[in-house]
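The next part holds the structures, each set out as structure tokens.
Okay, so chain A shows up in both of these, paired with chain B first and chain C after.
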Partner chain A sequence: MRAAGIVAVAVFRESVRDKVFYNLVLFALLLVGASIVIGQLTAGQDVKIIKDLGLSATSVFGVFVAIFVGISLVSKEVDRRSVYPLLAKPIRRSELIAGKYAGLLLTLLVNVVVMTVALYAVLFFLSRGVPENIQHAWDAPALDPALLKAIALIYVDLAVVTAVALFFSSYSSPMLSAVFTLGVYVAGQFSADLKRFDQIVTAPAAVMAAKAAYYVLPDFSRFDVKLAAVHGVPITGLYMAVSILYALAYIGALLFGAMTIFARRDFK
Partner chain B sequence: MIRSTGFRGRAVTAVAAVVCLGAAITLHASADRWAPAIAVDVPGLLYLQTPAVARRAAVGNAGLAADLYWIRTLQHFGQERLSPPGHVRTYALLYPLLDLTTTLDPNFSIAYRFGAIFLGEPYPDGPGRADLAIALLKKGLAAQPQKWQYMEDLGFVYYWHLRDYKAAADAFQRAADMPGAPNWLRPVAAVTLAEGGHVGASRAIWQQLAQAEEEWLRNAARLRLAQLDALDIMDAWRRAKAAGARPAVPVDPSGTPFDVDPATGDLAVSRESGLFPMPGQLQVPR
Partner chain C sequence: MSAPAIRTHELTKDFPVGFWRPRPYRALDRLSIDVAQGDVFGFLGPNGAGKTTTLKLLMQLVFPTSGDAEILGRPVGDVSVRRRIGYLPENPYFYDHLTAEELLDYYGRLFGMSAAERRTRIGATLDRLGIAAERRLQLRKFSKGMLQRVGLAQALLNDPEVIFLDEPMSGLDPLGRRDVRALILELRDAGHTIFFSSHILSDAETLCSRVAIVAKGRLAAAGRLADMREFAVQGWELVMANVPAAALDRVRARARGVTTIAADRYAIDLAPDARPEDLLRDLTAAGATLVSLNAVRETLEDVFVRRVAEIGDGARPSAPAGGQR
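After this line comes the complex of A and B, so read on.
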């Protein structure tokens, strides 16, 4: 486990060196810029729109980092041939995979935490001085703690995307891994459609294939509670717990799968 | 072998780049004066028309996509409303845009409430489509059945635009029965049913709304109250005229003189007035 921890810290440092956190500057510019112009473009919906924008940007930026850093985690070591001295060290291949995953999760955690702080800061400045009666008409308060639930599930979503990227990266080229991961991510957003496929198609084989895809593909739409959080619709603890457990199970399957494939790879 | 460029060469290319950039900026700045853009009055275009497709295309960012469509709704309404003379205002994209917005974010209250106001507004300041305003509010009620505000707005559309006082009273009563509804809705429902169409009843309703929490609702109520005051002024003028007096042409509450119809000799709110059009003053071309 100690070896995995060392790998994780190395991955985090590499992310810093690779200027992954530059996306935070873009995020901050986007939020601050939007908060300035949004009041002129909308009819008093600034707070709702900044919440939507902040949550969506956290998710989209995170997905890009998870995919494009995740796919290179293993393949970069193989391409650079730095995997040889690495595997010669007293470290198991499974620990390398676990460490790489934990390192990227740490990078994403820092990313999401900074974005959350920035979002709350912009919301604070936007809502400052707004009369009580107008605030009362909002669906949810500007600094609603329920936003943290949506952000927590965004992080869980990113953890699953990272696991998918790492899984493909363990045996495929970066380009193909990116295409596969993006494909799984998009398909996972349409889980509900796959479930209801029998309503538009009658062919039993197609319906069975769609049902199978529904159960096998990760249901990313489950982690999307952004709309509910923005409108103050309650997100129960049970929903959060079930979603997190589901993600953990899926991440486990992908990581153990990646470890199995990576263990069998021949680097001669 | 490629020789590296010397300092002089680099300086020349750098200066040339700065000169070209300066020329481009100067030309850009003066282009509008010398050769202004050619204005073409083209109808608005909606690339994504099916709300269900728009929801899928948003890939997990339906809320943000709804915000963008909402901003586009406001721009479309404003653009049509403030369009130059000669442009035929159709507000053709208004309902499709509102439909997209509210499908992407079914809890977007302001889109239902503002949308209903925009749709019901008489032509030329709006499309005058009270039927679509009702459809939009009913869609909102299907998404949030306990939202008394939508039912209240439905009552106003029936009352103000369709003058269906029975349906309006029914909507106010149902809004009053919903959890969290204000106490004043019940008397409003009773007054509407008893005195529907009376200026006094209408004034009572709008006076209640002028106390609402939402600023836009207060503004709408103030406009309606000013229109009712204009009706009072017109009635007083007609009474004086009928009694044989020759009253001067009055000004409406926005400070604009009324128009006198040369054919009938009757008063009407001027097109220049902020109160124009009064309910029923213009019909929408369908």
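After this line comes the complex of A and C, so read on.
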């Protein structure tokens, strides 16, 4: 897997060169701008709103990077034919897929870590000087460590999205991969509704299709604990562990699928 | 006896054509060739003959429908053999956000070279290809000819035993072509095996110890170029200037034809056995000056056209078994 590590570092460097991290500037501007405006408009709710906004922005920006960088990881190599000289080197196709995946995970990790630091910094400045009795009235402290649990699950969510994007891009065009990945991501947000589809619709075929989609599609809503974190509702270690294992199973299956398809693909 | 550097046996590739009801299109049909170690092997054919498909099959960029291939005695799917080969694709593209040095460093890491080894090899290879001054320039700023040199550099980085070059002269100006020819000969002298595809006969004439000609995906001929009757000299074209009138009369008696090109410039058509060097000596002694002397032979294109017609769509060619030495 040494070759996969080399590819991963190359992907990370390419992300830096392609200015993927510019989204961090936008994130910081959004957070700082919002905190100034919200500070003027709300009384005592600003910390909660900033937490909600910060977590949501971390997720949305991350999904954006995961999908749009993820779909181009393999397809760009194939379309531009840089894969020709690359695969003539001592590297297995499966290592290329693994390296591309690991490289984007590294990029996303840096992205999420910087956003987390920025969010805590803004929360620190917002809560500074707020009287203790008001702070006690909050659902959770401003610098609540539980936010890290929500952020960790956002990262797990991004890891699954990246695996979906990579899976589709291992055999289809970037445009189709983007559509498929977005489709899976959106449908996966409504996983619970798919399960309960028989309570709204009676047509057996539709119910069957919804049930099948429920079992095949990853349940992305499982990784969304933003509301709980913001309102100080405990997120148990067991919930975290099960969610991570659930994600690992999907990631494993998707990467295996991507590697299997890519391993037999002809580059015409 | 050592294993051939490259061996293909009945190598066949079909591509599906059509969206709704795909039909197989045979891009390569039962190609069998052997390339000995140390050979400069020209793989010739017109566009669409199956040259690039063959190279892609050898690089495992596409998989055969049937048949098999080996490089240095190992199946082409063996990743370890790629440490010992170099490959220049046709019209290569590399990551344009990288510099030439960074690209070679990336590939050097994949070859498992140490940092010191990479530094030495990258410097030496860029120097050899004449692009050392541009080593820190992003590839997006490179011209097509310079990219071709980068392509050659990455193909030579690991000092490969066997080098595959797909249309290596493509995109190069005359000076670049001369440099690549010199490089190939230098590599040959150093004992490397070179397999290169081309549709230009003169490249093969200058460089190749042996050639294979493919047309319509099938092997049309294989062997030494000099032994192929199609490429035997069919005459000579001698162009002379300042030819005195008396000398011109003597020329007319010995030539198949004389054409006036300009006031004092003549194109002299000689039979293959007419010994142009004798006539050249006579004319220069009489005060004429040499403009050019060329062997007239059937062009590769002519041979392709005829072979394609001979092969037709049905029967397999009765060409010599590929690469029998």
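Basically, the second predicted complex is superposed on the first by the 266 of 268 C-alpha atoms of A that agree within 3 Å, B and C clash if a C-alpha of one lies under 4 Å from a C-alpha of the other, contacts with A are read in each partner's own complex, and residues count from 1 in each chain.
By our rule, a contact is a pair of C-beta atoms (placed from the backbone, for glycine too) under 8 Å apart; a residue touches a chain by one contact, two chains touch by 3 or more.
What you are looking at is a predicted structure, and each value in this text was computed from that prediction instead of being measured.
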item: Side-by-side fit of chain B and chain C on chain A, or clash; value: fit
item: First, second, both or neither for A:260, with chain B first and chain C second; value: neither
item: Angle, in degrees and to the nearest 10, that opens at chain A between the C-alpha centres of chain B and chain C; value: 150
item: Which of chain B and chain C A:49 touches, first, second, both or neither; value: first
item: Greater residue coverage of chain A in the superposed arrangement, chain B or chain C; value: B
item: A:227 touches, of chain B and chain C: first, second, both or neither?; value: first
item: Chain B versus chain C - smallest C-alpha distance in the overlay, whole Å; value: 22
item: Shared contact residues on chain A - chain B and chain C; value: none
item: Touch list for chain B against partner chain A, complex; value: 56, 59-64, 66-67, 70-71, 74-75, 105, 107, 109-110, 114, 213-216
item: Residue ranges of chain A touching chain C (in the complex, touch as defined); value: 2-3, 6, 10, 14, 17-18, 80-92, 264, 266-268
item: Touching residues on chain A, where the partner in the complex is chain B; value: 41-45, 48-49, 51-53, 55-56, 59-60, 133-134, 136-137, 139, 186, 189-190, 193, 220-221, 224, 226-227, 230-231, 233
item: Chain A-facing residues of chain C, complex; value: 15, 56, 59-63, 79-80, 82-83, 85-89, 91-95, 97, 106-107, 109-112, 151, 154-155, 164
